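Some structures are shown below for you to check.
Note that chain A is present in both complexes that follow, paired respectively with chain B and with chain C.
On to the complex of A and B.
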């Protein structure tokens, strides 16, 4: 495999599996309800697709008392996820899919790989049953982390998914010096430098996510999640990840029936 | 739904006055100016929001990192000997005397509960600043209101720093004139729950929240009972721990009172009360009650709702 995702860098075994899926059998990780609603939305599942990348994240020096973005680590986390996503899209492309629903993006660490992590993207490739193409502005199958239920509901609101978009920022939070700690000892006060640093880190992640959506010519992003992980870097180095599904309004009238007040008989 | 609350005085969330004007960072303004808007709404919430005539315009948020120090200091009974003698006195304080009638270095002669207004003031400043910054972002985005508000407070990176984070989705009311530059309304509700509120003739005015902190210095009886022991001849080891019960009841009661003070003539909807306690020693603890909800105002008479239809979900 190359470090830059290119067509045809999938493992040989993936090719055999995809050939079998092309013969009519489909696999998916959809629940029965999700399957029914994906069908109801006018799509047919083609197969379970995935992409993976084992990535060595390296080391970047950080200043003890300075809050700063660690650009090398940011690039590494971005690139590793992009590799996994691109390989998953490649599998879907081989199946002739219009999109991938229920995408999960995980990071796993193993004892055998110091500073190495496996980035995995998985989902179910789907194809429109009416023959209309739902590929995004880049000509690739759309990706989305929506469940089958959410996918159906979104389509009823006159929107279509365009891609799973994300932005990341790995940030080092400064340690407080002795002078600073003594200066505010015994007080409950705002620490403006910390507020500003964390604000900036999350805004950078969210701006990058929105830039990805703009590239896909999306009009909005739904279900945005802001995740924070320290991975294996210690408590002062945090990855801020913003992730959501970019959507585009189709201009069609909203067809969702008016909600009805119900009393649920289960919990 | 109307674009702004009827008659305007909009309530204040705790401590918002602490936040300065226009202190939203440049990065946030740049993000909100981009073409694609983000929302933290789930798809069902988005669908219900569109159905109610609300269009999301952006994910908005505010932060405040606070130094968090001196938990448990400032006993009103040690005030004269304490460097914290200038600390404000709370609305609740109680003392328990030892019933055993003997003196020992290892035996607690008294116990006390008291409210810690200085901790509550720090919480109010952190929450209020983050909340105000979120509203500033919403105002910059031209929003009428903010729905689906979520607030968190967590300790940061093993330091004595607590970060307050308030997040929500800014919305405009479809076909309504632009907001007149007033403060956007806000609510913890979104989706189905917000739609039901509007159907019931109520509209959100503002998120309201309050935190009450009570310190418990255990008396000898409390200490023994919390260890599962009897505290005197002829007594059983199983009994109500009165001092702890009263601390928790006081925290809940004061939190309700603080919220009532913020409501004016309006009502509270979707109240959520959380009670946390941190043990500081045998029987000693800090009890914190956080109460949050949405201040709502009636904007039309109740239309009879359609008869609810009983349903059983298949999954």
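On to the complex of A and C.
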């Protein structure tokens, strides 16, 4: 994408807090369970890192009866999320982290006027305790939306996270004409234009996500979620967001013990 | 029909306004009085499981304790100007500080070594900040040998933690101990956007730098204050950090950022591995089929 944010555009104030973190204090939004499991996986939390951007989404005209991708809106969603993610990665980089776990990517709408939203990414920067580098193919700290529990389990199966990958597509689904609506009244019938539009939008989002994973030289994507949101665009304009963690098999043996099966007797 | 009033408690409506203050003062005085109760019944908001877990590491609940503070915010601080709204920030910081101090004092008063499961309720109103902390005071079951002030092992004084009793037990097992509540907040004014800029940006994909910077500024100061309180407690980490951020409902030109979490430190010689066992539950989840779900979003 041509809209990739430039490095080093971290707002000035961000520096101070991170300097303090270098002096033996860590902060983390991990729960105690997650904290202990991240430690168990051989990582130590360094700091709670965040990135955000308040972004104004532009306007694009939609044709009432045409299904189409709204490229301007897609670009906006990409750009704003990347701004947030990149700023978070920069903070982690400054801390000398190997990666960021438990990343949450949210969009918040406040009453600041229409079309303005806060895109925010936050997570806990971690560093491996054995001194080995876990940075990804781009030399950046890996990002992952896996919880501490998932992170530990993944590491036990000989995989390492490589990066949070996502694909998005804002799609306008055509309204049906009066003739079509009348024609299908009272019948059991598939609505091909809707089906096709939804298919295409999802495909676009998934493909873009996979492309990002390929760039990271990942061998798979786990924990993929497909979210559909209309944000503030009305019912026929939908954002399809595919998001997951790209992982790479490091070839090491699986150390996950065979699970004990249990049946709990409480109800 | 009148409900009999227990001795010592004034019937509702019968207390003149002046007496309320006297009552309050008496209440505060009794709180400060150093009379330790012995053999009193234990009140706690812990579940049975949590109580048993506490027992498993040799700790017992002592009493339900709370700390409340209502701090006034000076009038006129919410007008739209520039930079940080220092009086509001200060009121917020002091309110939390006072509530924590009271919780500590109450815990000390009942003979606890710390407070776990503290529920943190913070409300910001235009003219005051309300902070309510409620938790359960706990202590080791076997009183440690009497002696100097630092007799509770490596813990210098009463700790306050918003971690549950179960988290406390887990941390304890891994060689960590909570030290206190780390908290920080900041209120910042959002710089204005000129009308022409706003108009220009109306149809564009563009970052609103003024909002972004204001949020960053609030976040950095808030987090830094939290880190300072943690460092002050001698902590090496803050876990389970909660954040609350966004514009205020009554002053949309101002953003608030608050963060709080439990400051912890390693008390054992090294981090103890917990070596989790992997289990697979064979219980079926309740699978309910709802015809409604077929109708789409």
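Quick note on the criterion: the second predicted complex is superposed on the first by the 258 of 267 C-alpha atoms of A that agree within 3 Å, B and C clash if a C-alpha of one lies under 4 Å from a C-alpha of the other, contacts with A are read in each partner's own complex, and residues count from 1 in each chain.
As a working rule, a residue touches a chain if its C-beta (ideal position, glycine included) is under 8 Å from a C-beta of that chain, and two chains touch if they have at least 3 such contacts.
Nothing here was measured: the structure is a model prediction, and the numbers come from that model.
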| item | value |
| --- | --- |
| Which superposed partner A:263 touches (first chain B, second chain C, both, neither) | both |
| Partner chain in contact with A:196 - chain B first, chain C second, else both or neither | first |
| Touching partner for A:106 - first (chain B), second (chain C), both, neither | neither |
| Touching partner for A:222 - first (chain B), second (chain C), both, neither | first |
| Touched partner set for A:214, first chain B, second chain C, both or neither | first |
| Chain B versus chain C as contact partner of A:31, first or second or both or neither | both |
| Chain B and chain C footprints on chain A, overlapping residues | 31-33, 153, 256, 258-264 |
| Interfacial residue positions of chain C with respect to chain A in the complex | 163, 167, 170-171, 174, 198, 201-208, 211-213, 215-217, 219-221, 223-224, 226-228, 230-231, 235-243, 246-247, 252, 261, 271, 273-283, 297 |
| Touching residues on chain A, where the partner in the complex is chain B | 31-33, 146, 149-151, 153-154, 156-157, 173, 175-176, 184-192, 194-196, 198-200, 202-204, 206-207, 209-211, 213-214, 218-226, 235-236, 238, 242, 244, 246, 254, 256, 258-266 |
| Residues of chain A touching chain C in the complex | 11, 13-14, 16-17, 20-21, 23-33, 35-37, 39-40, 45, 48, 50, 52-59, 72, 75-76, 79-80, 83, 108, 110-113, 116, 118, 122, 152-153, 228, 256-264 |
| Residues of chain B touching chain A in the complex | 25, 27-28, 30-31, 34-44, 46-48, 50-51, 56, 59, 61, 63-70, 84, 118-119, 121-122, 125-126, 129, 156-159, 161, 163, 167, 192, 195-196, 199, 305-306, 308-315 |
